[in-house]
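Both of the next two complexes hold chain A, though its partner changes from chain B to chain C.
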Partner chain A sequence: MSPVSLALLVLLLPLAAAGFIACFLRRRGGAASFLSIAVAAVIAVGAFALALGGNRFEAATEWLRLGDFAFSLGFKFDDLAALMLVIVGIVGLCVHVFSAGYMHDDASRGRYFAGLSIFMFSMIGIVLADNLFMMFIFWELVGFSSWLLINHWFGKPAAAAASKKAFITNRVGDFGFLLGIVMCYWLRGTVNLSELGAQGAAGHALFSRAIPLLLFCGAVGKSAQIPLHVWLPDAMEGPTPVSALIHAATMVAAGIYMLCRIEVLMVPDALTVILWVGAATALYAALCAFTQRDIKKVLAYSTISQLGYMVAAFGLGSVRGIDERGEVVVVAAGVGAAMFHLTTHAFFKALLFLGSGSVIHGCHGEQDVFRMGGLASRMKFTFATFTIGVGAIIGLPLLAGFYSKDAILALAYANNRGAFAVLALTAVLTGIYMLRLWLVTFFGAPRSEAAGAAHEGGFALGAPLAVLAVLAAVGGYFGLHPGAFSGAFAGVFSLVHEAAGAAATVILATSIGILLAAAGIAFAVYRPAKVSAAGDAVEASAPGLFAALVALKESFDRVYDYYIRKIQQRLAMLLNFIDIIGLAGLLIRGGAGLVGMVGLGARALHVGKLSSYVYWFLAGVVVLWLFASGVL
Partner chain B sequence: MISASLNAYIAVSALLFAIGFLGVLVRRNTLVIFMCLELMLIASTLALVAFSRFNGTMDGNTFVFFILTVAAAEVAVGLAIIVAYFRKKQTVQVDHINELKN
Partner chain C sequence: MTTDPFDPLLIAIAAPLAVALAIGLGLPKRWSVRLAYLGFATPFLMALHVWWHYSAVPKVHGYAFLTEHATGLSGVGITLELGVNGIAMPLFVLAGLVGFAAGLCAIRSGAERLKVYLMLLLVMLSGLMGTFASVNLFFFYFFHELALIPTFIMVGVWGGRDRVYAAMKMTIYLTAGAMLSLLGLIAIYVKSGARRFDMIALRDILAAHPLASGSQAHIFGLLLFGFGILVALWPMHTWAPLGYGAAPTSTAMLHAGVLKKFGLYGLIQIALPLLPAGALPWGHLLAGLAVFGNIVVVGLITLAQRDVKQMIGYSSVMHMGYAFLGIACGTALGVGGVVLLMVAHGLSVALLFLLSTNIWQRTRTLDMDEMGGLARQAPILAAFFTAATFASIGLPGFANFWGEFTIFVAAWKFSHCLTVFAVLGIVLSAVYGLRAAARIFFGEPSVAFARAAGDQPPTDLSWTERLPALILLGALLFVGFWPQSISQSIQGVLQTGIYRTH
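And now, the complex of A and B:
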């Protein structure tokens, strides 16, 4: 099988599965889940075969031609796409298997698995797309599948509202993305990624800044950056495996992936904006995570924070290095660091989400961590894998997150010390809130009946945790050894910036210092003895600080609420008024009235007397005659 | 023999046409209106024959043959309609032929 047809198979198989389930297996959840998991397994195998087979290709076919405008669909399969495809394949398969256990008793399993399959189709489409238009199509499709899956329990008002919020918030970002694509096509004449790469980031100074920033709007929406991050915590209303796959590992990372795809369009000013949006998001979301009691929402804010980390890493941009021959080369280290962290984050965050799913499953739907406690002894396997995940995210040496976070910090240290300080502070906060989650959930005495009777969930829930735990442990070595897997991902990982000399010592010291500070504070504040079911230790001891954090967390929602209620709603009322009075009243009714009056007059002529018609005819002839003789 | 000029023929033709048109305007009996219409046709036929005669071409005469043919056909259809209408309504006064109005 040729690589192109294999890629086509990997892309279209989940769509076919989703269609088949939607048509025939809606009532047969068992068969639907089997089909969907089998397809996910084929995708994972296909992804590995494509990535490791050494095939790197571009293929395109014309889909639509409108005058001079040709719209092509095609694949651009380079190392970046290969890496992303493998991540989607692995995490996708793990989540599918986990879902089989987690959703076993759900009445509408068929719809759920069809949703997962259509998500896989959309996501793989983004990964393989060779032009921005095609990427945009699949970009919207992942938004749709995200809506579908958040909304899985649509009977819950919160879930229905959350899905709408996610979709609408994403639309705001996508509008900028679309404008960016149109502007790119208008000014560059192409949206093909390779052709754009050949052109480089030239052009008018204003537009060369505007294009990457408008495209970045898409990433702001999809990857939940300030100010469009508000949808992601709410999206946790969806089933937990969905949160793991879509709202942690893959879809929200699509924004970072898209940025890496259009790296050639970046100019320094745009990168600076991206850097600070990412850094602000990372810090802000880390602070918000302290206020949360829901295990999934803590992880959601942690995801936003880590996505901010990746965006900031991308925004740090290139470094000048010296290659083996002694020549100065510019290395796109931002891409390397962002994709490295994306990879390790996909593994450990999917692990953490699936672990939280296992905990929720074990506690019969309890999501409040302060009503858990003592799960370390009751759910030993989940505890062990969750611990690896926590270790990875807080940067415990030898685990994946340690290396990827250090790569970002090293790059920040080299390019921008201000960002370095913000990111290091974020790392400390990340350590504290993750250890808080870990300590409160797994240690101390059970604080509810459900937690006391917690149990493991069985093979389908355990196996994916084991796979992801291994990957979260060893995932960091890919970045250290770009040549691993016979260099399949070298095109990405060779870009990772490694600190040398004194900088390396500084980074290592910072990293260890971050870890020690975080652990010290977390163990001091959230000691199991201090935790009660009533609430947070910080809330009890420093209510002012806690209230400030809550206010910070809610500030965006409040502003949007105010904007929508007081400004947008009033504008809408004004427009409605103009519509009713001006359009419907004057223009439409007025027009109809005018025509009606003409009709009334015309009807008066129709008297029903033959002789009067003859007079009209005579008058007509006279008018025609006058017209013909030039009088009229 | 007095040779009539073209103007004389056209004057007669115009007079016939005016009489026919006036008849169409003022008369109320469908049958009479129909006869007046025929009179107008004949008036135009007369003019065409005169043109043909004075131009020395056959164009006008050709028209006349067509007009006579069409007029014959029209009379056949028109009279049939009037007869059918009379059988149904017992009248052919145009003042009563106004059913489409209501």
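And now, the complex of A and C:
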């Protein structure tokens, strides 16, 4: 099988599966889950075959032509796409298998697995797309699959509201994304990624900044960056495996992947904006995580924060530095660091989410960590894998997150000390809130009946945790050894910036310092003896600080809510009123201008009788006929 | 001219008319209904035939299936010339598809005086097929009126709330629009000196001897506002939501889905090619009204709607803004996008009106605040409605995406600022579309609805209800995944260079 047809198979198979399930297997949940998992397995195998097979190819076919405008669909399969495809394949398969256990008793399993398959189709489309038009199509489709899966339990008003919010917030980002694509098409003459790469960044001063920033709007929506991050915490209303796959590992990372795809369009000003949006998001979301009691919401804010890390890493990319000899050099390492962290994050965050799913499953639906406790002894396997995930995210040496976070910190240290300070502070906060989550959930005495009776799930829940735990432990190896897997991902990982000399010492010291500080604070504040079911230790001891954090967290939602209810909806009502009373009643019927006069004339001719219109029309035809034949 | 005795266009026009005549002559009700199936299915099959064979059959002056039938008025240039070019073909197919779906819905509607209702609907369908199959301007207009008059009657007699007022208002507006456009058509006829009404001759003559740009602009203005009223150009749109809210389902499907496209079709097929210089001075006014009026203002108004049908009606007015924007661009890309959007919008709005009636049959209300949670009892209905909503808000995979997307691309070349506001529409439509789906189908049912549903639990869509919806949804997905299925014929016309390239 040629690589192109294999890629085509990997892309279309999940679509076919989703269609088949929607048409024939809606009520046969078992068969639907089997089909969907089988397809996910084929995708994972296909992804590895494509990535390690060594073929890097481009292929395109024209799909629509109107006038001079041509729209094509095609694949651009380079090392970047190979890496992303493998991530999607592995995490996708793990989540599919996990879902088989987690959703076993759900009456709408068919719809759920059809949704997962639709998602795989859409996500793989983004990964393989060779042009921005095509990427936009699949970009919208992942938004749709996200909507579908968040809305899975549509009877819950919160789920219905969250799915709507997710889609609309993403559409706000896509508004900019689409404008950026259209602008790119006309000003650069193409939207093909390779052709854009050949052109390099240049052109009109205003538009060369506008294009990357508008495209970045798409990433702000999809990757939940400030100010469009509000949808992601709410999206936790969806089933937990969905949160792991879509709202942690893959879809939300698509924004960073897209940025790496359009790296050639970047100009320094745009990168600076991207850097600070990412850094602000990383810090802001880390602070918000402290206010959460829901295990999934803590992880959701953590995801936002980590995505901010990746975006900041990308933004650091082209910041120019000065080397030892005093020469200006471009440190083009943003793509490498961002994708490295994206990779390790996909593994450890999927692990953490699936672990939280296992916890929720074990506690019969309980999601409040303050009503858990003591799970370390009752759910030993989940505890062990979750601990690896926590270790990875807080940067425990030798685990994956340690290396990718250091790569970003090293880049920041080299290029922008301000960003370095923000990101280091974020890392400390990350350590504290993750250890808080870990301590409160797994240690101390059980604080509810459900936690006391907690139990492990079966094989379907355990196996994916094991796979992801291994990857979260060794995932850092890729970045350190770009030549691994016969260099399949070298195109990405060779870009990872490694600190050398004094900088390396500083980074290592910072990294260890971060870890020690975080661990010290976390163990002091959240040690099991201090935790009660009533609430957070910080809330009890420093209510002012806690209230400030809550206010910070809610500020965006408050503003948007005010805008929607007080401004947008009132404007809509006002316009509606004007439409009914003003336009319909006065302007048009009042007969201003030619239109009104004809309207009045017409009305005069048929007062209350529709049928008279027929005669009138016939009379008109006669007049026309007389006129045309020269009688008149 | 083909001499093949099998003329699918004539059959598509004549079959529903003949069935209507037979019913009118007093056929018993049982036979009327059976014959009505034939009357609605024949244009559908002919439309599929035309679509399937379009690329293979020989074209005369760009028209396929071209035939001429004497009318006794050939002295003044009025002959029944039938044919479809690449722009007419997709709309002819649209009319066949929506006509069949609307017919199936009407036959099962159990309306009072069903025979008369079906008769009027068949006449309307005949007119629709004729409009898009006519090469002669006289018949183009004649068939439009043939479809329009039954619309008024059906709204006035079989309509819902406010039907008399709605019918009156529709009549006034649409008559005014039709009169203005008729004036424009006559002006073209007179000024060209062609003494012929057929578009091919007019196009040749006006290409050789273009009108003075001043008179082109005047005539274009007449056509623009005449056709504009018919398509609900802001601020002459208020008839539309009111009329559709009151109209019986099948009528709303056929009018909003197909007949309304007459105005856009006229602008594309007649005004732009025959009066190329006349379009320029109107471009910015038209685009401004379309973007700020139809897309932004009406988009916001749609947010305020509580009634499902009003919401669909306003959203349909909003989507016409994209179409007007594409026409204002006047370029090949813009025009091509409008044709794609016309087909897509026709299918999706017909589907939404159809499903909103299915909803009403289960909830006995159209007020979205009084519903909620219907997806539990009617998951298939929820899936169809959600799919139709996503289609109408331009999700890729549905036909509407191609239309909106290409129009946005075309619009940038016309005006950067207007494009920004036009693209804002994708956010507005997502808000009202998803909000409606959520209020009707998801979350908890309202107290009133829960009580009503407790007495008599709503059932899901039956297979006979699903069939018309499946036809429309299938077509939306088909074009959505495979746009060449209609864009190739459109491109055939665009390639001839009758529209600007920039």
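The criterion applied here is as follows: the second predicted complex is superposed on the first by the 567 of 632 C-alpha atoms of A that agree within 3 Å, B and C clash if a C-alpha of one lies under 4 Å from a C-alpha of the other, contacts with A are read in each partner's own complex, and residues count from 1 in each chain.
In the analysis below, a contact is a pair of C-beta atoms (placed from the backbone, for glycine too) under 8 Å apart; a residue touches a chain by one contact, two chains touch by 3 or more.
All figures in this text were calculated on a predicted structure; none of them were measured in a lab.
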item: Touching partner for A:Lys164 - first (chain B), second (chain C), both, neither; value: second
item: Touched partner set for A:His455, first chain B, second chain C, both or neither; value: neither
item: Touching partner for A:Arg527 - first (chain B), second (chain C), both, neither; value: neither
item: Touching partner for A:Gln569 - first (chain B), second (chain C), both, neither; value: second
item: Winner by number of chain A residues touched, once chain B and chain C are compared; value: C
item: Footprint overlap on chain A, comparing chain B with chain C; value: 606, 608, 610, 614
item: Parts of chain A lying in touch with chain B, wherever the complex brings them together; value: 606-611, 614-615, 618
item: Sites on chain A touched by chain C in the complex; value: 63-69, 133, 136-138, 140-141, 144, 147, 151, 154-157, 159-161, 163-164, 167-168, 171-172, 174-175, 178-179, 182-183, 185-186, 568-569, 571-573, 575-576, 579-580, 583-584, 587-588, 594-595, 598-599, 602-603, 606, 608, 610, 613-614, 617, 620-621, 624-625, 627-629
item: Chain B - residues contacting chain A, complex; value: 24-26, 28, 33, 94-95, 97-98, 100-102
item: Of all residues in chain C, those that touch chain A in their complex; value: 73, 75-78, 142, 145, 149, 152-153, 156, 167-168, 171-173, 175-176, 179-180, 182, 186, 189, 225, 229, 235-236, 238, 242, 297-298, 300-305, 331-333, 336-337, 340, 373, 375-376, 390, 395-397, 401-402, 405-406, 408-410, 412-413, 419-420, 423-424, 426-427, 430-431, 434-435, 438, 441-444, 483-484, 487, 490-491, 494-495, 499, 501
